[in-house]
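Structures are listed in the sections that come next.
Two complexes, one shared chain (chain A), two partners (chain B, chain C).
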Partner chain A sequence: MLSPQLDNRHAVETPEGIELLLTPAGLLPRALAFAVDLGIRGAILGLLILVPGLLDRFGLGLAMILVFMLQWLYMVLFEVLNQGRTPGKQWLGLQVIQDDGSPVGWASSLTRNLLRMVDLLPFGYFFGVLSCLWHPSFKRLGDLAAGTLVIHQGRPIKRAAPTQLIAQAPLFVLLQEEKLALLDFAERYADFSQERRRELAGILAASLRTTPDKAEQQLLAIAHGLLGRA
Partner chain B sequence: MFMLRPEIEPRPRSAWEALDLGVLLARRHAALLMGTWTIVSLPLFVMLTALFWRQPTAAILLFWWLKPLLERLPLYILSRTLLGETPTPGQSLKALPGQLRKQWFAALTSRRLNARRSFELPVTQLEGLGGRERKRRLAILNRQDGRKAFWLTLAGMHLEAMLWMGLLTLLYVLLPQPLVDTLNWQGLLEQNDSNWLWMEHLSNLCYALVLIVWEPIYVACGFSLYLNQRTNLEGWDIEWVFRRLAQRLSGASGMLLAVALLTTTVANTAKAAEPNVHPPVYAQSLTPGQAKEQIRELLTRPPFQNRETVTRWRFTDQSDSQKDVPDRADLAKPSEWQNSLEYFAQLLEIGLRSALIILSTALLWYQRGWLRNVTANRRQPTEPRPDPNIRYDQIALPAPLPDDIAQAAERLWNEQPRQALGLLYRGMLERIGLPFKAAHTEAEILQHIATLQRPELQRFAETLIEHWQALAYGHRALPAMLGTRLCQDFRALFPDQSS
Partner chain C sequence: MKQQQFEDHHQQQWQIFADDLQALEQGRPDEARIMAFPAAYRRICQHLALARTRGYSRALIEQLQYLAMNGHRQLYRQRSPLPVKILLFLSVGLPQLIRAEYRVVLTAGLLFYGSLLGMLLLVQVQPDLVYSMLSPTQVAQLETMYDPDSSRLGRFGERTAVTDWMMFGYYIMNNISIAFQTFAAGLLFGLGSLFFLIYNGLTIGSMAGHLGNIGYQQPFWSFVIGHSAFELTAIVLSGAAGLKLGWALIAPGRRRRSAALRLAASQGVRLVTGALLLLLIAAFIEAYWSSMTFTAPIIKYLVGCLLWLLVGIYLLRAGKDVHAAA
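Take a look at the complex of A and B:
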């Protein structure tokens, strides 16, 4: 009856037994990244047509070659040489990787970008959009063929601000998940309204054998201790 | 809003991730969402089309304008499923009128063009807030993720357009070519021609079909964004774990608590005894640049790099000092713009051509194995293959056997080993004097010979027949010394007529 909890994260296990948590990126950020790249390419294209256009037929030939290179190599070069990120993807914090979490290589990058032609069919990325919306890891057809994945790059970890508190040991054994929640509480403390802080701490007040007011400080102190700060 | 087991893994996410999660949410309940949307939106579309049959544009514009009201249905379904009470299609349709009533006028007028519609709808519909209260609430919620709701709507507009045109193109591609050839495109442009009205209505229908796919996703994305913002602001994930912890602890026995106390005090004293000199590893912050610097420095040290200075004698090279004057100074002189340009063009051409040559050479070189295979395949069929059937029949033995079989065989051995071995074989069969027939196989012959109780003969026959089979059927070469040995044995076994 119970379906699995919905999450946008995938765990990939490396041969060393390490679990990597990957967050595939969906259609919207990818579409926006593509729009940014499209804009950049458009600007370069304009320059390419304008400047060598002054040089008569030779310039035209040169422009043709450069346009061709731009069209086919822009994505591939950036993806392979810049850790799977074109400027647009970098802007939105996206990254192309292989399914198993390793960096994307020439072969896969070429495959996924050449198959754009299929995603484009019959007009305006019709197949690509549908595939991206339907696939659980948001892959378009090119990604399916190349075995690549577009993910959100990890965000820098937000650390709790140092406090003047004296670290305190918890009165009870904490599970991993509960320790993490305590740390989360300390790290996101500033985001919560005052009432909400009291409310959250109040849940544990009875277990801590204090009043909700003091529970707040006590929880912060425990989190402080969990971080290993004196 | 405390659930024992929320359907969505509670976790603070970035706004983009929340949007992705919305897609997953819509995907999970796709059948229900798309089904109910179809049931509600298509009759409305048909009604509008019938009403405005002469003005297809007005029909689609009105349909588009009413869209925000229809969006309340998917949102209602999603909010119910999140609480673990997935409604049936019937229930959801029954609940729709009640959902529509809330602030419907504002939704169709002042807020119709609001780009954050999907994000703000839950506040109106689920929290039931209105007026100033709603504004204050939105001001808090909009602080972080609101802007992403704008991007969602913007991208959604483009997606709708792209999917719509994609669908139209798909339809056009599927038209048979003769029909396309006879179509009168000019008629399409003339407004008065009412024969083409159905075509515009068809294209409107395509838009309605696109909305069946996109609208549930759009609503789910906005809802997911709203949920994520509240999770971030109110710490739903933390609340969830805290509540479970409180539940766990209230059920825990005093014994467990005592043990916990003991272990924590021990841990504390241990921590106090240890002087805190080094900061923990995770407290050191290194930027990638610093890390790279450190790595580079490490790589120059002995285990990775060993430098040694070598001093030795060598001849001084005199020709080096004399070659100072550049040969082609005249070519490089930028006297005329056109000249240098042509020079550059030639250079480019040379470069491109040599790249082509190098690439094709490299290709051939790397594929040489494949090339060899291709040529080998061509050559093989020209070589006549030994056909076992033909050879088998070609063994022509003299009808009356020669008197001295061993000698005849010895003579034949070098040029025609098959003939020689056949001769020996047949000679053996005749000399044994058993009534063999043509139908007897080699194994049967050996069985018959075994009944004679002559070990010498049996060994000879086994050797002979084994090699005969190997040669006649297997086309395998015979050992070098076999011929003389077999002939000797033959003479020894059947001495009577050899002389």
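Take a look at the complex of A and C:
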């Protein structure tokens, strides 16, 4: 595969013999997702209290069951029935899955959400935050016990529009890694500023036997050829 | 093959697969195409492997990886209807699991019933001990709850029939929360579960002892005997589940602590699910049967004993000859 990774993607080998690279979500997006879910639950509770008549005798029993559901089962129901996503997680593009990449089930989801109580100790998610910061895949204690993982849902990379270039053969044989770096540059160059593009391409100007100004176009042309675009 | 050719050649298949995926995620799969899904998924896997070894660009690999990852998730999803699962679990899986985990269940049971009975006896000898567990206001509340003169018993004594439903809600919220807490606290090396088991045992024991001291035995025992079979068993089960978590951390045996914890949690959570189901039954009995006073206490004792017997038989015999794991 690629050279040793700088990032902490979590590789899972599937029965089909391929490797899926999952991107664990860190503390901040998870905390934000939790805040969103907390807000939603708070709003439901507020509605319950504000709307008169909901809390009379018959309603009180129902209300207590609802509070119970909100406290303990809100996360579980959403995670199992909505592809591992509570509304907060969905909003932030997060997803809960099992360590082996399969969808989260009732048992695992219940485990990780019941043990949330310990993550909350001794105050304000202290244990959960510590565990999340310490673990290479950002797991809190509940995730450790349940064998689950919170990941970023993959998003297809936006590719730069193909340029009208005449393909060019590289001046020398490229290693796989070099080839990938070149393709990366060609796919992402539109996201860089003019100066940054020149700077990056300029590094290779000597090897390409050209000036820094022309290096960029030449790199794109070579990438064009590698991709097989006429 | 150059990347562009590869993409042109397969782009259409990928698009169809992506559409199928979306339909599956929304729960509206196209029945006609669903049979072809596994084959399509394997083709995507092959394309991903090819793209990686041939050194195609990252954007293409990410696109294929996205398809493969979501395909994997759909293909390996477990789909068995929940009600069937619950029934199977209650009738076979749970009693089998409890018997398999008899050591930890017995430990939890001894801790809980031991502290309960111990405190009950102690309060008989030393009546003031009840104030070590309960505040004077709580004791006063307890006394009104089980006043033999009141028409209804239990935590909502002076209410009318309309509130049965409310009591049901309250019992669910209160008791199941306690069960969940008892389980989760086990992650603190079992200490939390130990605490909740003993604390609940002592509290219940001191209540029973105190009510006995002031001569309220009849209303108290006739009230609790019905649902206690389920409720107390559920407390023991959730405590056992918590102790299992703690024990996996203290003595993981031949596994790494993380692996031992995962295994213990997967069994523990099934015990807690069992406790939850038992507590639902208990809440129903408590709200609709235990609190009624129109029956003679002797009937309540009979029904209560019958329920205890049932739970006992269930724990020891249910699902004994069934081998299908639930």
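By definition in this document, the second predicted complex is superposed on the first by the 215 of 230 C-alpha atoms of A that agree within 3 Å, B and C clash if a C-alpha of one lies under 4 Å from a C-alpha of the other, contacts with A are read in each partner's own complex, and residues count from 1 in each chain.
The definition used in the following text is that a contact is a pair of C-beta atoms (placed from the backbone, for glycine too) under 8 Å apart; a residue touches a chain by one contact, two chains touch by 3 or more.
The structure displayed is predicted, hence computed values, not measured ones.
Student: Should the pairing of chain B and chain C on chain A count as a clash or a fit in the superposition?
Tutor: With chain A as the common anchor, chain B and chain C collide in the superposed model.
Student: For A:Phe34, using the defined touch cut-off, is the partner it touches chain B, chain C, both, or neither? Pick first, second, both or neither.
Tutor: In the superposition, A:Phe34 contacts neither chain B nor chain C.
Student: Is A:Phe78 in contact with chain B, with chain C, with both, or with neither (first, second, both, neither)?
Tutor: Neither partner.
Student: Quick check on the superposed pair: does A:Gln176 touch chain B, chain C, both, or neither? Answer first, second, both or neither.
Tutor: second
Student: Could you look at A:Leu60 and tell me whether it touches chain B, chain C, both or neither (first, second, both, neither)?
Tutor: Once the two structures are laid over each other on A, A:Leu60 reaches chain C alone.
Student: By the touch definition at the top of the document, which applies to A:Asp184: first (chain B), second (chain C), both, or neither?
Tutor: Both partners, chain B and chain C.
Student: Output check: A:Gly228 vs chain B and chain C. Expected answer is one of first, second, both, neither. What do you get?
Tutor: Once the two structures are laid over each other on A, A:Gly228 reaches both partners.
Student: Report, in rising order, the residues of chain A that make contact with chain B in one complex and with chain C in the other.
Tutor: Touching chain B and chain C on chain A: residues 58, 62, 155, 180, 184, 228.
Student: Taking the complex as given, what residues does chain B use to touch chain A?
Tutor: It comes out as residues 5-9, 11-14, 16-17, 19-21, 23-25, 27-28, 151-152, 155, 158-159, 161-163, 165-170, 173, 213, 217, 221, 232-235, 237-239, 241-243, 245-246, 249-250, 252, 256-257, 259-261, 263-265, 267-268, 276, 280, 283, 341-342, 345, 348.
Student: Which part of chain A faces chain C closely enough to touch in the complex?
Tutor: Listed in rising order, the residues are 1, 14, 16-18, 20-22, 57-58, 60-65, 67-68, 71-72, 83, 97, 101-103, 105-108, 110-111, 114-118, 121, 141, 144-147, 154-157, 159, 176, 179-180, 183-184, 186-187, 226-229.
Student: Touching chain A in the complex: which residues of chain C?
Tutor: Touch list, chain C to chain A: 1-5, 25, 41-42, 45, 48-49, 52, 55-59, 62-63, 65-66, 68-70, 72-73, 76-78, 82, 162-163, 165-170, 172-173, 176-177, 180-181, 183-185, 187-188, 192, 245, 258, 261-262, 264-266, 268-270, 272-273.
Student: In their complex, what parts of chain A are in touch with chain B?
Tutor: 2-3, 5-9, 23-29, 31-32, 55, 58, 62, 92-93, 122-126, 129-130, 133-134, 136, 138, 152, 155, 169-174, 177-178, 180-181, 184-185, 188, 191-193, 196, 200, 203-204, 206-207, 228, 230
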